[in-house]
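Here it is, the structure, as structure tokens.
Letters are used for the chains, namely A, B, C, D, E, F, G and H, taken in the order the chains are written, and counting of residues starts over at 1 for each.
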Amino acid sequence: MDPRALQELLAAVRDGSLSIEEASRRLEESPTLDLGHTRLDVGRETRCGHPEVIYGAGKSPTELVEIARALMQTSGRLLATRLSPEGAEALCEAIPGAQHHERARLVCAGVPEEGEGLVLVVSAGTSDRPIAEEALWTARSLGAHAEHLADVGVAGIHRLLAHEERLRAARALVVVAGMEGALPSVIGGLVERPVIAVPTSVGYGASLGGLAALLAMLNSCASGVSVVNIDNGFGAGYSAALINRTQHPTRA
Amino acid sequence: MDPRALQELLAAVRDGSLSIEEASRRLEESPTLDLGHTRLDVGRETRCGHPEVIYGAGKSPTELVEIARALMQTSGRLLATRLSPEGAEALCEAIPGAQHHERARLVCAGVPEEGEGLVLVVSAGTSDRPIAEEALWTARSLGAHAEHLADVGVAGIHRLLAHEERLRAARALVVVAGMEGALPSVIGGLVERPVIAVPTSVGYGASLGGLAALLAMLNSCASGVSVVNIDNGFGAGYSAALINRTQHPTRA
Amino acid sequence: MDPRALQELLAAVRDGSLSIEEASRRLEESPTLDLGHTRLDVGRETRCGHPEVIYGAGKSPTELVEIARALMQTSGRLLATRLSPEGAEALCEAIPGAQHHERARLVCAGVPEEGEGLVLVVSAGTSDRPIAEEALWTARSLGAHAEHLADVGVAGIHRLLAHEERLRAARALVVVAGMEGALPSVIGGLVERPVIAVPTSVGYGASLGGLAALLAMLNSCASGVSVVNIDNGFGAGYSAALINRTQHPTRA
Amino acid sequence: MDPRALQELLAAVRDGSLSIEEASRRLEESPTLDLGHTRLDVGRETRCGHPEVIYGAGKSPTELVEIARALMQTSGRLLATRLSPEGAEALCEAIPGAQHHERARLVCAGVPEEGEGLVLVVSAGTSDRPIAEEALWTARSLGAHAEHLADVGVAGIHRLLAHEERLRAARALVVVAGMEGALPSVIGGLVERPVIAVPTSVGYGASLGGLAALLAMLNSCASGVSVVNIDNGFGAGYSAALINRTQHPTRA
Amino acid sequence: MDPRALQELLAAVRDGSLSIEEASRRLEESPTLDLGHTRLDVGRETRCGHPEVIYGAGKSPTELVEIARALMQTSGRLLATRLSPEGAEALCEAIPGAQHHERARLVCAGVPEEGEGLVLVVSAGTSDRPIAEEALWTARSLGAHAEHLADVGVAGIHRLLAHEERLRAARALVVVAGMEGALPSVIGGLVERPVIAVPTSVGYGASLGGLAALLAMLNSCASGVSVVNIDNGFGAGYSAALINRTQHPTRA
Amino acid sequence: MDPRALQELLAAVRDGSLSIEEASRRLEESPTLDLGHTRLDVGRETRCGHPEVIYGAGKSPTELVEIARALMQTSGRLLATRLSPEGAEALCEAIPGAQHHERARLVCAGVPEEGEGLVLVVSAGTSDRPIAEEALWTARSLGAHAEHLADVGVAGIHRLLAHEERLRAARALVVVAGMEGALPSVIGGLVERPVIAVPTSVGYGASLGGLAALLAMLNSCASGVSVVNIDNGFGAGYSAALINRTQHPTRA
Amino acid sequence: MDPRALQELLAAVRDGSLSIEEASRRLEESPTLDLGHTRLDVGRETRCGHPEVIYGAGKSPTELVEIARALMQTSGRLLATRLSPEGAEALCEAIPGAQHHERARLVCAGVPEEGEGLVLVVSAGTSDRPIAEEALWTARSLGAHAEHLADVGVAGIHRLLAHEERLRAARALVVVAGMEGALPSVIGGLVERPVIAVPTSVGYGASLGGLAALLAMLNSCASGVSVVNIDNGFGAGYSAALINRTQHPTRA
Amino acid sequence: MDPRALQELLAAVRDGSLSIEEASRRLEESPTLDLGHTRLDVGRETRCGHPEVIYGAGKSPTELVEIARALMQTSGRLLATRLSPEGAEALCEAIPGAQHHERARLVCAGVPEEGEGLVLVVSAGTSDRPIAEEALWTARSLGAHAEHLADVGVAGIHRLLAHEERLRAARALVVVAGMEGALPSVIGGLVERPVIAVPTSVGYGASLGGLAALLAMLNSCASGVSVVNIDNGFGAGYSAALINRTQHPTRA
């Protein structure tokens, strides 16, 4: 509970406008909404600046729609990731204005207008695109102006260097790569902005499902690089959007 | 090479004020300074907003001093981490104005004035302090106003919640924890700013030298959390300082 | 063999009412029932207070029914876990009074009346429910009064703290979580009762099929936390029920 | 904060005996004691039934003594584990009534009188003794009557079976083993009480510092077995003592 | 080449009955039979006392039949493991006298008469049976008298001890177990014969596909235990048969 | 950019035949061809002596054909690996002269005439053939004379030694083996040429998907052995072809 | 208890020569000798054909001597492995006739006369010698005629093949190798006797302390190979001696 | 044995100039030299073009000197790696003309004259130098002209690109890097020659002693890259020298 809200509540207790029992209940309970299958954390937007995001994996279309409706009612915004085609379709039918980004496997609605700044999502190979697009659309869902620079892996380093100026224009960079995961180190050495590195499960054999890229990124010799889970484009896009908007906070 | 600098160089070739050979050499060579044992990347500050940082592990006091002097001459700033006591002492003697932060095992000099904003470093247990202080002094070396909130591990969650307001005041948070590495998830759910999580090697047995905490942080159920290498307080402080200053860039 | 039974057997030998050969055979053989495919440990209930539990994975419906019938005859109780839908159906048809708990994938019969005390099963996210319910119904099958508090993950810590009183009312707690597995540490710091932590395989990438949560729980900074295998709701419910009934033992 | 305490506080606000500012401060702050190097969680005993335990690894004798004194003042009890010989000696000199158990590497003071019940610590080999004794003295420090049955590894199974009656007399068992970690499975099949298994780092090569025993215990085919971290005798003794006293709770 | 054969060859060269070219060719080439898809090591039986065994995984029915025919022609014996149902059927149709052991997934033909001695295959749980039967039929294919004692896991230790005499009657024991893999340690402590331990992939979560059992067996505290690959019933049966027949070698 | 090309460009700027803007653009951009889904690195052949190779996994037949056409236009050569049957068929229909090597799962076109020297691909077992043939056809696609010696695993060492002379005739050897991965060590001790070792995922259980063979090869006690990723026949054939042609470089 | 002994005991009960209480005690207790620090399994020799072996690691000289004396009194034989120099010296002083084998780090006494047969210990490199000699002296301590063939690693395969006849003369082989651990596969393909493979921790980097060799040996493509723990020369020598004496059992 | 030598031997048998016994012995024995502690593979130079190399780790100065003398006598050449300072000193005193390269920890003698071509050793950071120099001096010991380009890590990519021409001049490249191990991928994309990648153990935490770099290199997205063990500068230099001299073989 917010300190100001707390003092107001205590004042209401003192002047008798609030019963002790009710005050006690309010102090003990956080705002949650129980949907039977899910206990929605309604206070998330107040605390974190963004309502809960739906992690779609393993949820039925019916559950997805119920949670999405509750979110639209309480916050007017929706972001659902890792959706099956059926789940995405159900959401698009149920939620007016919902957009489905197929390759990114996500649905969003109530996306705010693009703010200032630039989140640049950079990816190494063709197979890294789905994860890069998940990062891209997550950042846009949080109100960031976001762009994607694709297919600039380190084995053709000149492809990357041709875009040095664009790299340096971003306020936050998401760098997506599988296999040896070297791209964040090279980019981290070219820019003065934070880099969020996303290892992907692209590869085979000793890539160990993306662990090789993850370890490489954690050991980056460039400063200013931090890392999210394998294939976690959502998390990287979210962090980058938060970084981008430190300059123009959405809440007073 | 910066595009404007490139066009100037080409103009100089056209008007004959620069020979083809010299232009060719400049285009081929990046600015490096060869110290015999080390090839200093003098262009780092121009590209990344901060000169090279000395990773002290395994360098002799003599090498440290030579690199530090070269850095002070070319940039007027110094940050050296993971120093042995001997290395730190040698730097303090050789570099005027150098400060030694013992628990953090780093030396810095030419630290810029504190800018706006707040980088908050939060740590879980007593044993996590050295890493937390490395993050703290790294962020300060990059010009951030940085503070430390210590010893607020999740087994006494009320200790942490008592500081909710302070947590929410930061522009960027560094969260340092060993053992089960749960603290970033709890904090990530309380704030609307990016969290840089630092797993530490504090623990034994199945902590696997910090791998348990690292994996936990990579799997955080809170959004906005990204992770650096085990015990990499430097990397976290660096990223947090970059995030903090997106609001007041140091270069035009 | 129970010491008293042993002395009775020896007395019977001495007074001639039992032949040496028969006594020898009884001493050498433990009570087992050979069903062809399975050798039932009929003495389990005497030794451990509960008959053998059927681990359903990989057993055919026919085998399941045969073992279940033998258990019902020798002990009047049945608990079968990790059942395929076909296996569960076969058991429900064959065993009078059998109940099927679908999400928990288990069938039980002859469940004793609820005793005193409370086993509280707490779970972090929607996807952890099947494992939590396996724990819930296992504890109930052993005669415990058991309840489930769902969807109180650490990223919304206030959701959890709202239930502090309920947490403290339990004699034993089962805490189920995937991803970073932080929930047992937070709960362990709030109660004075033993916590059995269950890591789940919920997650992706660096969750390594639940290993990340398992390692986190083993490294819990809270005291009083012990851990079972990934997705082993059964084992946790079983241990919690044993703990709960230390206060009212079922056997003299 | 305890619900009753909360209602009393609110009543005091209403009747004016407590100012809003003070009530606000009390609600926001949990009881912690800041020792400079450590922030003591003074509320731990109220919440968990036992004050904080000192994890001695890495703490200086001076720090240990300061924390120990604070604990003795606030709770009259002390338990400090993983002590260096110097740390143990400093505690024994500073804290009246402190006992040092060398092999267990712990110091305790203010140990309560032994309660009812029995915690039985069973260990497999000679080298597992230090961990077993850490469990033993931890359980005793929490008020349990605890005994140790040593050197009954599974390669001489008759050594173990000779003690079947004693095993069955315990309310909670701690089973300590390195190498293949098989002992908890055998004991779990002989008793009807919860078993807390402790893998030790005893072994070499493919024991992987105790991981082999840890994995074996997590995969125990016996029901009622839960596991703590490698070499975590403290955690096992703590859990076992909590289990043992479910029958005679120390607090109303 | 066998030393005696070598001296005969050289004698034939000296007396002119063998040309240098032919002798040279024979010395350079080992006896192999090229089937196009496979290069059969025809000398295996001479060197190792048993012809090559067909590892069926990934081989087409046609390939299997061609190799089997070649083996029957050169040695009169056949053992093929890890067969698909189609592969097994094809072999049974093509090879007169071939027997198919379904649960063991192997086909054998030309099995020698049972020799003296006893290979005892012991298995822990119902799910370990297929691997145990692979060991059983492999040992029989090599001419051993082999028997199977099933379902005697360590959680019901009396089930096992009832068979102590039978265990002690074997010349070589194969012990098959999944999960925690404890059975070989207990048996190794009861007999004075070599134990070949076979970990199985039975289990889930932290069993890591059988690695937990494998590590446990490698760390057995009993002497005289050696280990084969996970689910390698064939290898264990083969080794046990070799051990069993050290007493009555098949070749002069 | 090639130094000579750079000086020519600068000369063209000086003599006015090239505008500063155009020169600037050429210097900044490397030659890439954007196909929408893929950014082709057209300069690869100039830099590396061979155009980009298509990694077929996960690419649709349409994408494959578009990339292949672009490659044929810019370089007249094509190599595509890890193709699905559909992908291979599409390429064979679209690209005149394309050859499909099924077992190797690759398609090539514009294969240069065989040069001097010999690349010898050696494989251990029947199941290693697909990877060995990928290496074989890759080497041929790069212009090498390449041969395959199959099924000479170490358990029949004489099968291998019979070919010692042929092994010694090669300029570069690719050695392919799964399971224990011992073959490169034996061959490395027989020849004076570089050996490229390829671990395969052939095996089960503790082969860990080829990791066992990979580790074995990295620890080879023979000198002159280097290793590529598990199942990476392509990479080994590519390296071997490069080694083979150091003697007759294809470019002046 | 041996069946015959059991029937004798029961007969003594019937004829009154043994009291029920005494019979009960004898049946419940196995023969152990409690030395305070160690509980000696005195029945081991009866069950397993060899008295307990002392694992010297971590035992003080005093403890070693006490255990050794108890063993000499009860069995007249002693084998102690992994001894520190001080431990070995103490044993040699205390136990008449004790021999110290320094490189093998073991002490033995009361070694039986050499029996028939041959245990051949083969090792790959110079650094594998200590482990090979531990195997050698262990086998001799169990009464085997044992020899050592050293330094015949696979990179010089002809060194090994020169000894083919000697390899084939053994009844059981112990094969010791570090690094890639290939030697057992080659030898397993040359002989018709069981091979016990011992991986050693010789190597660096990706040898992972011997895990690479261990995995290679578990995946051996040769039949008849089983494996013991890393550096476990004792276990291999013990198993080989058991195998060797299946032909001339030491007990009726 | 060389085929020509074999035919000569057989001819000598036929014409009676060689006895059957002697021929038999020569055929059975390969040329080895037994030094007591070591069995020298004297035929290595004939087979592999270079005599055995001494792996110094764990060998005493006396052993080193004896092996070195034997090598100098049989081949006139010496290369010893991983030497302790004492070992290096002993070799320098004992072997005339021996050179000690301290940072590389190796001693060589009888180094052949530099041949044609160029082996270029490239290293990423200051701490990678010792391994790079081991590669450098190994290549020179095998007769290669070898050079070292140091401190060109990917975080300052322009440092590397400035040397593109030099990179392209080499016939074989050794690329040495720790941490994220990205350098070989970038260089592999710039040259048309084989790259031997050497991961180093430089780093901390999630570098896992060099495993992170090793995995990255095995997953390189550049073609033509193969990998050796962690810190194995020797192996890389050896392979590179073999590659370099494919153009001018040293033996007819």
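The criterion applied here is as follows: a contact is a pair of C-beta atoms (placed from the backbone, for glycine too) under 8 Å apart; a residue touches a chain by one contact, two chains touch by 3 or more.
What you see is a predicted model; the values in this text were computed from it and never measured.
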Contact-richer chain pair (by C-beta pairs counted) among E-H and A-B = A-B
Which listed pair, A-D, E-H or G-H, shares over half of the residue-numbered contact pairs seen at B-D?
-> G-H
For the pair chain C and chain G, the C-alpha centroid-to-centroid distance in angstrom is 40
Rounded Å distance between chain C and chain H, as computed from the means of their C-alpha atoms | 59
Between chain B and chain C, what's the gap in Å when you average each chain's C-alpha atoms?
-> 49
Residue numbers in chain A touching two or more further chains are 3, 28, 44, 155-156, 161, 188-190, 205-207, 211, 214, 218-219, 223, 229
Who touches whom among the chains?
-> A-B, A-C, A-D, A-F, A-H, B-C, B-D, B-F, B-H, C-D, C-E, C-G, D-E, D-G, E-F, E-G, E-H, F-G, F-H, G-H
What residues of chain E sit close enough to touch chain D in their complex?
-> 124-125, 153-157, 161, 179-182, 185-186, 188-190, 203, 205-208, 211-213, 215-223
Which of the residues in chain C come into contact with chain A in the complex?
-> 126-127, 129, 150-152, 155-156, 158-159, 161-162, 164-165, 202, 204-207
Residue positions on chain F within touch of chain A in the complex are 28-30, 32, 37-39, 41, 43-44, 57-59, 63, 199, 201, 209-211, 214, 229-232
The residues of chain C that touch chain D in their complex are 3, 44, 47-50, 53, 117, 165, 171-172, 188-194, 196, 214, 218-219, 223-229, 234-236, 238-239, 242-244, 246-247, 251
Would you mind writing out the residues of chain H in touch with chain E in their complex?
-> 3, 6-7, 10-11, 13-14, 16, 20, 23-24, 27-28
